[in-house]
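Quick one: the structure is below, questions incoming.
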Amino acid sequence: MVPVGIIGDGYTAADLLRILGNHEHVRAVKIFSTENIGKDITEVYPSLERLASLTCERTDLEALKRECQAVFLALPHGLSVPYVKELTEAGVRCIDLGADFRLKDALVYEKYYELAHEAPEMLETAVYGLPELYRSQVAGAQVVANPGCFPTGAILALVPLLKAGLIETTGIVIDSKSGVSGAGRGLRLTSHFCEVNEGVHPYGVGTHRHAPEIAQELGAAAGGPVQITFIPHLIPMSRGILTTAYARLIPGVGAAEVSQAFEDLYAGEFFIRLLPAGVYPHTRWVYGSNFVDIGTFVDEEQGRVIVMSALDNLTKGASGQAVQNLNIMFGWEETEALRMGPVFP
Amino acid sequence: MVPVGIIGDGYTAADLLRILGNHEHVRAVKIFSTENIGKDITEVYPSLERLASLTCERTDLEALKRECQAVFLALPHGLSVPYVKELTEAGVRCIDLGADFRLKDALVYEKYYELAHEAPEMLETAVYGLPELYRSQVAGAQVVANPGCFPTGAILALVPLLKAGLIETTGIVIDSKSGVSGAGRGLRLTSHFCEVNEGVHPYGVGTHRHAPEIAQELGAAAGGPVQITFIPHLIPMSRGILTTAYARLIPGVGAAEVSQAFEDLYAGEFFIRLLPAGVYPHTRWVYGSNFVDIGTFVDEEQGRVIVMSALDNLTKGASGQAVQNLNIMFGWEETEALRMGPVFP
Amino acid sequence: MVPVGIIGDGYTAADLLRILGNHEHVRAVKIFSTENIGKDITEVYPSLERLASLTCERTDLEALKRECQAVFLALPHGLSVPYVKELTEAGVRCIDLGADFRLKDALVYEKYYELAHEAPEMLETAVYGLPELYRSQVAGAQVVANPGCFPTGAILALVPLLKAGLIETTGIVIDSKSGVSGAGRGLRLTSHFCEVNEGVHPYGVGTHRHAPEIAQELGAAAGGPVQITFIPHLIPMSRGILTTAYARLIPGVGAAEVSQAFEDLYAGEFFIRLLPAGVYPHTRWVYGSNFVDIGTFVDEEQGRVIVMSALDNLTKGASGQAVQNLNIMFGWEETEALRMGPVFP
Amino acid sequence: MVPVGIIGDGYTAADLLRILGNHEHVRAVKIFSTENIGKDITEVYPSLERLASLTCERTDLEALKRECQAVFLALPHGLSVPYVKELTEAGVRCIDLGADFRLKDALVYEKYYELAHEAPEMLETAVYGLPELYRSQVAGAQVVANPGCFPTGAILALVPLLKAGLIETTGIVIDSKSGVSGAGRGLRLTSHFCEVNEGVHPYGVGTHRHAPEIAQELGAAAGGPVQITFIPHLIPMSRGILTTAYARLIPGVGAAEVSQAFEDLYAGEFFIRLLPAGVYPHTRWVYGSNFVDIGTFVDEEQGRVIVMSALDNLTKGASGQAVQNLNIMFGWEETEALRMGPVFP
């Protein structure tokens, strides 16, 4: 069993442990916390009884270097950089579930995160951990920047069309709807039950930090800058992201080309399920699983395409994808520990 | 007290009775049903005890003509036409909460509702009952076509910009999020608790009947055809619609002009609450009330505007607006019985 | 218009303002806060736009004494005592929505609230503000102790049986289910959306502070001590309390006597709706209103009775009941501003 | 791979397929339906894509006898009897998720299900499939009667105390709170989203069919009749049952004996997680898993014990337990395919 460590004890850490509890090749041997030091992880998350047997400790990089072959970092932005630097220098492979290594441009990072990046030289070698797009690079990576939850849904929805050159690169609208777990376990009024329940509202309008991440990856697929409008909304549910992406088709493009583009890129991908024509995704169909469901609608009259994707923000949008990356990095079956079925209803 | 009747006993009828139970000038004297004939309305809706005292009866137009000065029709499409025709001929004023008199073009009606309109000559004189846009016409109307719930939110969000000529009339994206009560009380799998709860999904993709209604009214405001893409989504909540509308600004237009357009049209409107800059609507803030909250965001760099509106689909989106129309038709204070505060949290 | 003040700006304060916004005889002129000083109340609660026009201020008793005839206190326990003392000495009538004046026995208060009561002499004259039981005392009270949300539901459910001597006074089980707003707006993990949503759990097992309050009032009705087991549960909803109370019938008592006891006590009570035989309460039927619905089931074979009651914890369980008390204290119609219909669905 | 069949295509069938999709020794080869004949199961449940590859067919016992070694029946009561009879005669082992073989007394069955049992002679040999109580009998059974969801929670909560003789056998109160999936996928108003959401209410008061099942098994543990009051409540969530059971302690019994009784019976049970003192179960901690969490509270002053249990009604309360039984029947590891972690949050 390969020993791994986890830095952080928020919801993504909990989902990591849920998944790793059934992993054939991995054992989580360390979990680091700031607020729960000394507590058994099952005191922090009683759901994990029988799945994890760990005590939350104060962060100790030496212990990680000594005992672990890989480390998952699930930390607020800015905190991962020094840890990742030190760990990789010691030969420990890192999967960062935070935002510190996702953006290739340190200036964009600085603009959106209001923080100078402390190791800009690492941005180039860090691999953006979306296996369906960067599988081979992930395999050899020392640092994997695990994608954000919204970006995972938006990028997988639009890249096939941009790669195939089927849509205009301006005026793309990405309207996303997320469950509340995306905001984490930290207390704030916007995650307080009564403020969220039985209602829906936009947030992060014009300022959400996932916008540049999406733009970066869509630009890479398009081979040039892509102009997007991204508005996330909070939905009264715990898990799930539905992304509705609207784009203008290049004149002459129709439904057949759109379908083909998705088939071309995703045929053979276990975790991407292309829905039949006329069926559109529902976040419940992927709940608790590592699947992404994608459906498309082409309005040929208006020359527009709408792509809809659904995923579980904590699994394919965070911890499941992180384990998928780990599996690739260590040469195991990519679906190891990730074949659990969606919990429906 | 002016006696009124209600045809239908679904959720909009229930919300009508909730509101009319506190109306100073109106008494509901008749309610007609098909499935609950003979039952007291409080058996059908125990919430109405102390607010309504009525027995559900088989539809009887003669009784309405004899006893009522106004009638609310809350029926599936197609059923209202003959009733409205007969009632108005007898001098009874009608407010149709269904879709039969909203579209001005009988061919569009036929296309979307798959039904020939039985009284196309009435479409011209029926007034589209959005008081903020058609107040004076409502006052004198014999037939008010109460707007659909999605159209109310979308039209109020976009008309100021179109009237002021601030946005392009093509490429408008309207992404709406609705509570489940919009689908009514009729049993179907898509309103079954476990299929809806803890998830979000699009529906009516490319086929929703509110699209032509929205297009008609936006076109009227723009003075010419408007091209929209409208995708509704189902949210795990009972009440509320949030509409996120995306449009391209005419070059040179900025945030100031956008704000001014809303001020110009809605200053003095009791039921429209324009939110301060940086505040965006939340359906919880209007829950159970007749308010519509509107917030705007201008991305001057990309030349785009996003308008967000929130309303309660059963109140301002149906029954509250119907009572607002009634108040105008009978010359009462427009807010009569409609000043109840939103239930928050 | 009688000027009143509010100390506190939590959810019960918000519900007070929702209700008072439509009161014919009252105007809220002051609201005191600790965290939102200087903010307009509509910034704190955008739902209140058009209903309240107030700026949150630092608590100022002199202003209250000068400008207000009555004050609502919506504070954590312990904080009300000095305020109420000073205000009543100045002739300002107080309605305390907190727990400081509910218990008649200062030692019980001290035991459960871990705090010595600073004005035990006031406990005797303070009136327990459950109008259906203490209407005439409320009318003349200087200090009304507005009942807790759980106690309102439990006491109204059991008092008729105890007064009529129909049930044993030992072994009473009170199993309550509450929405999350009962825990207030203060941030804590137990009100964090993802910890509450899609789940149910007991809390306050064996320690809940409403237990002695219930026992006190049941004892008063029974004319001697009553032994109860009270377990509250948290339900993934914002508003509502359902109480299921189980008791043993005195031998020989049957369904007829049980029904009669409820009729005897509650006939003529506007806010109490006794459900027909075979119908049991649903919190949705009282949502946002001041009603309490009660249903009973008698198992004559086992000699047991189950009484179920439903109310809205923020309205009849707090702010609505407070306004009901105010109406009685000032001799207005008891239902003034409280006739709003339950929001269903 | 052992081939198995499923009769029925409701929620429990869907959960069976979710679980069996990861079973090392079993392959589902048949699924029978009435309403979805001819559809691929992923059309009926898109969540199952990649987990099941089956077409819904008309029920065909011959095919089952020919191709399957075991059959799961997930049918409304009354329908399983003839099928089970025929299948077992052909040597096919049956696990009935319905109610037809749970009650040992055909007269009790007839009273509660209003139907004469067509094979009363089979009631004796059918094994009540609660592995923690009847493991060895399950191993050899031809017919396993999979327990009801409420009974699983109630029986596991109370049997340790009854077996150890620690509580009185009269006056036991069982107050249960269930998610809506327990009512199945069939359309009815009581499972309609807007009737359930944001509310809580009791149902089946005095008539619920799980009451005699609970009484039977508690009686078996107590060695004599046990008198219970059982009231289920509907909670606005999809999955989960919380049971709060109240009983009187035999004089002299305290917390230590209570704890010991649970330890004695459940130590070594993988699926039963006894919570530490002061921690009480939350249905979220078992969501989607086969675990049952149990916590106890002893009020020594009043001589009462409260036992609280939480489970997922579709998994440990139905399909997970069915697979657990299958594993025992075929001699596989009891946890095979059932080690998935609870989905939290």
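Just so it is clear, A, B, C and D label the chains in written order, and each chain counts residues from 1 on its own.
Quick note on the criterion: a residue touches a chain if its C-beta (ideal position, glycine included) is under 8 Å from a C-beta of that chain, and two chains touch if they have at least 3 such contacts.
Bear in mind the structure is a predicted one, so any value in this text is a computation, not a measurement.
Peer 1: If you tally the C-beta contacts, which comes out ahead, C-D or A-D?
Peer 2: Most C-beta pairs in contact, of the two: C-D.
Peer 1: Which chain's centre, taken as the mean of its Cα atoms, is farthest from the centre of chain A?
Peer 2: The chain lying farthest from chain A is C.
Peer 1: Taking each chain's centre as its mean C-alpha position, how far apart are chain A and chain D in Å?
Peer 2: So the centre of chain A lies 36 Å away from the centre of chain D.
Peer 1: Return the distance between the CA-based centres of chain A and chain C, expressed in whole Å.
Peer 2: 45
Peer 1: Centroid of chain C to centroid of chain D, CA atoms only: how many Å?
Peer 2: Going by mean C-alpha positions, chain C sits 39 Å from chain D.
Peer 1: Multi-chain contacts only, two chains or more: what residues does chain B have there?
Peer 2: As it turns out, chain B has residues touching two or more other chains at 11, 181, 194, 197-198, 236-239, 282, 284-285, 287, 345.
Peer 1: Which chain A residues qualify as touching chain C in the complex?
Peer 2: 11, 180-181, 185, 187-189, 191-194, 196-198, 236-238
Peer 1: What does chain B use to touch chain A in their complex?
Peer 2: On the chain B side, the touching residues are 171, 173, 175, 177, 194-195, 197-203, 205-206, 227, 229, 231, 233, 235-240, 242, 244, 246, 248, 280-285, 287, 297, 299, 302, 304, 306, 308, 310, 345.
Peer 1: Where on chain A is chain D touching in the complex?
Peer 2: Residues 11, 14, 17-19, 21-22, 45-51, 181, 197-198, 238-239, 270, 273, 275, 279, 282, 284-289, 291, 293, 339-345.
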